[in-house]
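By letter and in written order, the chains are A, B, C, D and E; residue numbering begins at 1 in each of them.
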Amino acid sequence: MPSTDRVKQILSHYASENPGTLTNLYRLLNTGTLAGTGKLVILPVDQGFEHGPARSFAPNPEGYDPDYHFQLAIDSGCNAYAAPLGPLEAGAAKFAGQIPLLLKVNNSDSLAKVDAPCSAITSSVEDALRLGCVGIGYTIYPGSGARNRQFEDLRELTLEAKRKGLVVVVWSYARGAGISKEGETAMDVIAYSAHIAAQLGAHIIKVKPPTAHLEQGEAKKAYEKAGIKIDTLADRARHVVQSCFAGKRIVIFSGGEAKGTDAVLDEVRELAKGGGFGSIMGRNAFQRSRPDALKLLADVMAIYKSALRQPRLQRQRGQKAVSTRW
Amino acid sequence: MPSTDRVKQILSHYASENPGTLTNLYRLLNTGTLAGTGKLVILPVDQGFEHGPARSFAPNPEGYDPDYHFQLAIDSGCNAYAAPLGPLEAGAAKFAGQIPLLLKVNNSDSLAKVDAPCSAITSSVEDALRLGCVGIGYTIYPGSGARNRQFEDLRELTLEAKRKGLVVVVWSYARGAGISKEGETAMDVIAYSAHIAAQLGAHIIKVKPPTAHLEQGEAKKAYEKAGIKIDTLADRARHVVQSCFAGKRIVIFSGGEAKGTDAVLDEVRELAKGGGFGSIMGRNAFQRSRPDALKLLADVMAIYKSALRQPRLQRQRGQKAVSTRW
Amino acid sequence: MPSTDRVKQILSHYASENPGTLTNLYRLLNTGTLAGTGKLVILPVDQGFEHGPARSFAPNPEGYDPDYHFQLAIDSGCNAYAAPLGPLEAGAAKFAGQIPLLLKVNNSDSLAKVDAPCSAITSSVEDALRLGCVGIGYTIYPGSGARNRQFEDLRELTLEAKRKGLVVVVWSYARGAGISKEGETAMDVIAYSAHIAAQLGAHIIKVKPPTAHLEQGEAKKAYEKAGIKIDTLADRARHVVQSCFAGKRIVIFSGGEAKGTDAVLDEVRELAKGGGFGSIMGRNAFQRSRPDALKLLADVMAIYKSALRQPRLQRQRGQKAVSTRW
Amino acid sequence: MPSTDRVKQILSHYASENPGTLTNLYRLLNTGTLAGTGKLVILPVDQGFEHGPARSFAPNPEGYDPDYHFQLAIDSGCNAYAAPLGPLEAGAAKFAGQIPLLLKVNNSDSLAKVDAPCSAITSSVEDALRLGCVGIGYTIYPGSGARNRQFEDLRELTLEAKRKGLVVVVWSYARGAGISKEGETAMDVIAYSAHIAAQLGAHIIKVKPPTAHLEQGEAKKAYEKAGIKIDTLADRARHVVQSCFAGKRIVIFSGGEAKGTDAVLDEVRELAKGGGFGSIMGRNAFQRSRPDALKLLADVMAIYKSALRQPRLQRQRGQKAVSTRW
Amino acid sequence: MPSTDRVKQILSHYASENPGTLTNLYRLLNTGTLAGTGKLVILPVDQGFEHGPARSFAPNPEGYDPDYHFQLAIDSGCNAYAAPLGPLEAGAAKFAGQIPLLLKVNNSDSLAKVDAPCSAITSSVEDALRLGCVGIGYTIYPGSGARNRQFEDLRELTLEAKRKGLVVVVWSYARGAGISKEGETAMDVIAYSAHIAAQLGAHIIKVKPPTAHLEQGEAKKAYEKAGIKIDTLADRARHVVQSCFAGKRIVIFSGGEAKGTDAVLDEVRELAKGGGFGSIMGRNAFQRSRPDALKLLADVMAIYKSALRQPRLQRQRGQKAVSTRW
């Protein structure tokens, strides 16, 4: 498939990267149902590591088998499949080339009782190359006590990944003593977390959908003074995208805990309306039965596609500074 | 001996590995009494490091001599013998080629008073090659404070071992502030620990037989909601195997503390019934007299063999999603 | 696009390679007009280095611009575009991801007066990664005085390329004091040259179409004794494919010097009939005007496609030992 | 299978090597029909590289497929299969573990017109590890102009191979300006060539069966003065074995060009009688039909086995100094 | 055994070397019958490589077995045993620590027809370390066309050997177009060859006993003008020692071809009288029967010992400048 204008435009925002990284970014953007649209839906399956196998796969036991997720990502038309080392090794030879892979190179588990989350680095750029991945994924916890070590580890992985032509995806979740539970998804905190990932050189940024809560006093003043619109999730998504270099970095949103289909689709509708680049949808996909998962993912992709048909309108309503850019 | 269908099937689950690793995996699976069955019994002797010589070898003083264990593993028809650097060096030349060796590359002792267990890395992949080992063994303590350093050290050892054609065996024992003593062998915790080893890229996973206890609140809900059968040890073993990529990773069970012969065999019977790939049996073997140890190991192997004769029946009784896979 | 049975079959012949290499092989085989058929047409443009710019590009001056060749490869539906470092750097960012790239890592020029051809290594595996290539290309001159150095350089490049998940394509052209001009394309010499590339670990082998001449005395006896059919080019292509591990290595044919359209298509028809995996067509493509080149390449691809519709018939006519394998 | 006294004795001659190398030597000696006897029959297939595909495989076209040779080596009960990189890669994953592999790391072809043969190094110790080989094979041409470079390249490969636990097999063929065609298989030249391989640290040495010709003047005097028996091939084989550290290095004989079955068996009978450790039989095996090859190899192995039943008698007839040693 | 004044004095001449090298030099000087005297007799067995096995070992067939030479060196009270890689590997484990070993790291053979001798480097400093050698031995051919490459290879080996605490022994034999056959053992040529070895950093230098011939015109003038005494072999040996840093480098003499016992002892008597540090005696030792060899070596050692009892007298007769130094 030839490149589209939108994909060319997105790639132009990463012109400092070498052609290897651009090539892998192109592969991500030109695979599956949303190929060429500039929108992405990624299937991530690291919940086995993070929450344990039963909490992850018992609702749909086919998911115990890593092959299941490769096949689900392929059949549903996802742009990529993201997972830790073990599951990728389990299927990478069998499904070689059929779906772009992202190696999740750090992971945390919920067996340890810890004050602050801190992922372990569990695989490497060399693993990503030998497994044929288009990029690596890495989680940071801005605000947490261990953030600096995380940023520094990421710095080394990023430097190597970019030299070898890989894409760097950063999961950014604020945590820590200075942030309330509610604050973890606050508008200002999510925007700030996403921005830190962009500052660290991430090509693709993944955050949770933000609420209308504003956590930090100084930030709250700034939001109010500038009259930033954060009433609807679409408004908030738009602001997150703006916070990632005015839409020049791909930002996608996680679906969070498994929930009802309507709730998922409503959320996606808002994210798409706000100019979100897409969704990374794990539990809401693989914890459903395969037919339900395929249906849901198809509906999600349809929403992102339909959002493209009315861009002019959307932009007229959006903030000018942003609308002219993506 | 030519390859069997079952061994071919198991190797196919490791298709992303190079032929060197497949060759060593084949050697493990095609040695001893259980050669070709896809089942394994391994003799591990790292207790001298972990508990001191008297606690380990005084019950059967022949065990002070490393040669004794090589010979016991060979004569009993084990698939492999696993030990730290020193004991392997003591006998590797004399017994070269007679039994697959696994170099236990990290160890912890019980002289130091520590809050959380943390093994030291005591040998290397290069040692494994010069000693003629088929693979390395490594212990992780998921849940412990030092787990991340362990995972990260394992990541580097695994990458090198796989590049050089070795097998990676991971001993996975949950520990730590967030886990009660009873919880260390809880169903959910054992399944989770085994799953983490699989996620980290282990080829073979060793855990303790799980009890019916459920430790973590969120996990308990998941087990109950999904109606996961955990009443008998066979049920629980089946769930552990399922938790290791739906049976696509080899998972074996330790015998734990020395105990009566009937107790050992009853436990093995259940593990075999539940589809466990085998046992790794240290103290229950080498702390018995040589004749008793040979008899016990022969009985254990006979149980795993007889379990193979009725697979169809077993599978019909097992959970459907799982039974069709291994 | 999902994998086809034929692509799966081809990949199965490379099962010793890591998933990274399989992934890039898949990309090559699943791009362009011939995607999924197991057939390939590749556009190579290294003639500027080999013969100088005027001899290469004056017939169609658009070819002075490296972008022209990227676009031609994309628009014509080629599987890949192959070129030395400079031209790939010139367009790799602009066309990132739109066409699989092969970095030709050694090249020879015709400024130097040399008795025996010996290419210089002009780029590296690291270059291939940063430019987003699916593999590297390397020319050997079996029979030449410098062949050993070439084989030894290739050995190191191959080891590194395979570790990092790249495909290795070997151009194999016999030359040297012991080979007559006519012998360079002799049946036995071409088959032997292709076989040497396979022996050296090449994934894809490129040779010239062989003539019915037999060059070496000992070989001639062997051909006559075994009654190897070499009357038609189809026969000869079939024998070259057989000589590359009974069809288990991809072998493609170069078009050689620019010639008339009918001559090109007649040749391709025979190569396709003989089971050739495809063509690598440089001067015959880029020295024609763009419309003519597009037409020619489309016709070539159509021939390879139509050859697939009658495989059973072809095989019945082929030599039994071979026909059952590919 | 437990070790036999003979295998233990042989391994004792390599006591300076690390257990890794001893383990791989043990694997070689404990595989196939001759397992445990201290005798070996190895299937080598590097003729495709050396003489071209048609001369090698046209007599039995199944041999074009690398899988054929793996299967032949396994089914015939050979101790090992030796081949260059490409063919080993073609089958190493599929046949992983079923037969010890030797990677032939240098090769020469017969396309080049050369005064003195000089193999190119075509693969590495790292390749041997990733493919699961028990060792590497290397050809030297003592007497040739390029011998020193060969010895020096071998020195580095040997050092690395031994550090990583691999076996080193050296093919030793005298050639060069100072040696007549007849001299290449002369008694003194073969013994000297074998001895040079032993001096260079080879574990296993392969030479051609010697004739009764004596090539070098000084050597002739020494043979005559000492009354070394060289009348029968058995006498000559015994002297070659003696020349390899009095039987403390494994020396095996090549079958040479394809010939009649009786000729092959007569030769093997003499080699066995003279205490040869075995045969490496390529063309005489794979150029026959599979049933004929299986029959021939079985007969060859039977001869080596039967030679073991009457060792006392043989030794009484042999030279005293030697007879007490092997 | 505590160090003697003479050994301390000798070691003081190597004070720039690290203690590791001094330790190994001490071992050489404090082993065997001549321990502590500052005199050395070394058994070298590289003739198998240089002249072939029959010419070397047929006169005394026990010598085919490398163990024989280890035992002979030990039982005869030699200071060291020197040999190439293969023979040292054959016995180094069995005889570990019983006799200082010197690894002969380059060797030449007499199968090749060559204009100028040029040894191949056949082992390495790493080999010397793993085999427990006290040092390495290396042959140079000053005057030959390949001398510079030899000196440069030696430079690298020497640098590494000294860094790792080994002793460097240099065999120095002049050869080449500018030197007549008679000149190879000429007084001036031997002295010059020994001096070059000293210049290159050798710790121990081995040359042939010089004749009274003077080869080079300019040298002849210098000898005559200075009135250097070269009438007796003792005179000439004294001059060679003087030429090696006035006796501050250990210089030993080879016995050359096998010859009659009286001839050997007469030669040694002169060498000892002239202050030679000792003999390196190969064929004259191992080509005799074991009892004869033991007797000869004992006699040789007795001569060196008795020479020590009358040093004052000798020195009065010698040149003053030298006599005060050793």
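Note that in this section a contact is a pair of C-beta atoms (placed from the backbone, for glycine too) under 8 Å apart; a residue touches a chain by one contact, two chains touch by 3 or more.
Please read these numbers as outputs of a predicted model, since none were measured by experiment.
Colleague: Consider the two chain pairs A-C and C-D; indicate the one with the greater count of contacting C-beta pairs.
Modeller: Output for the comparison: C-D.
Colleague: After a C-alpha superposition of chain D on chain E, what does the rotation angle come to, in degrees rounded to the nearest 5?
Modeller: Value: 70 degrees, nearest 5.
Colleague: Can you name the chain whose C-alpha mean lies closest to the mean of all the C-alpha atoms?
Modeller: Closest to the centre of all protein C-alpha atoms: chain D.
Colleague: Note whether the interface between chain B and chain D is symmetric in residue numbering, meaning over half of all numbers used appear on both sides, and answer same or different.
Modeller: same
Colleague: Could you tell me the distance, in whole angstrom, between the mean C-alpha positions of chain C and chain D?
Modeller: Chain centres of chain C and chain D, defined by C-alpha means, are spaced 36 Å apart.
Colleague: Report the inter-centroid distance (CA atoms only) between chain A and chain C in whole Å.
Modeller: That gives a centre separation of 40 Å.
Colleague: For chain A versus chain E, what separation do you get between their C-alpha means, in angstrom?
Modeller: 73
Colleague: Find the geometric centre of each of chain B and chain C from their Cα atoms only, then give the gap between the two centres in Å, rounded to an integer.
Modeller: Whole-Å distance between the two chain centres: 48.
Colleague: Residues of chain D touching 2+ other chains?
Modeller: In chain D, 15, 92-93, 131 touch at least two other chains.
Colleague: For each chain, which other chains does it touch, given as pairs?
Modeller: Pairwise, the chains that meet the contact rule are A-B, A-C, B-C, B-D, C-D, D-E.
Colleague: Quick one: in the complex, what on chain B touches chain C?
Modeller: 15-16, 18-19, 163
Colleague: State the interface residues of chain C toward chain A in the complex, per the touch definition above.
Modeller: Checking each residue of chain C against chain A gives 2-3, 11, 15, 18-27, 30, 74, 89, 92-93, 96-98, 101, 126, 129-133, 163-165.
Colleague: Across the complex, what residues on chain D touch chain C?
Modeller: The contact residues of chain D facing chain C are 48-49, 51-55, 58-59, 61-62, 64-67, 84-94, 107, 109-113, 118-124, 126-127, 131.
Colleague: Which of the residues in chain C come into contact with chain D in the complex?
Modeller: For chain C paired with chain D, touching residues are 13-17, 142-145, 147-149, 151-152, 155-156, 159, 174, 176-179, 188-189, 191-193, 195-196, 198-202, 216, 218-219, 222-223, 225-226, 228, 239, 242-243, 245-246, 248-249, 319, 321-322, 325.
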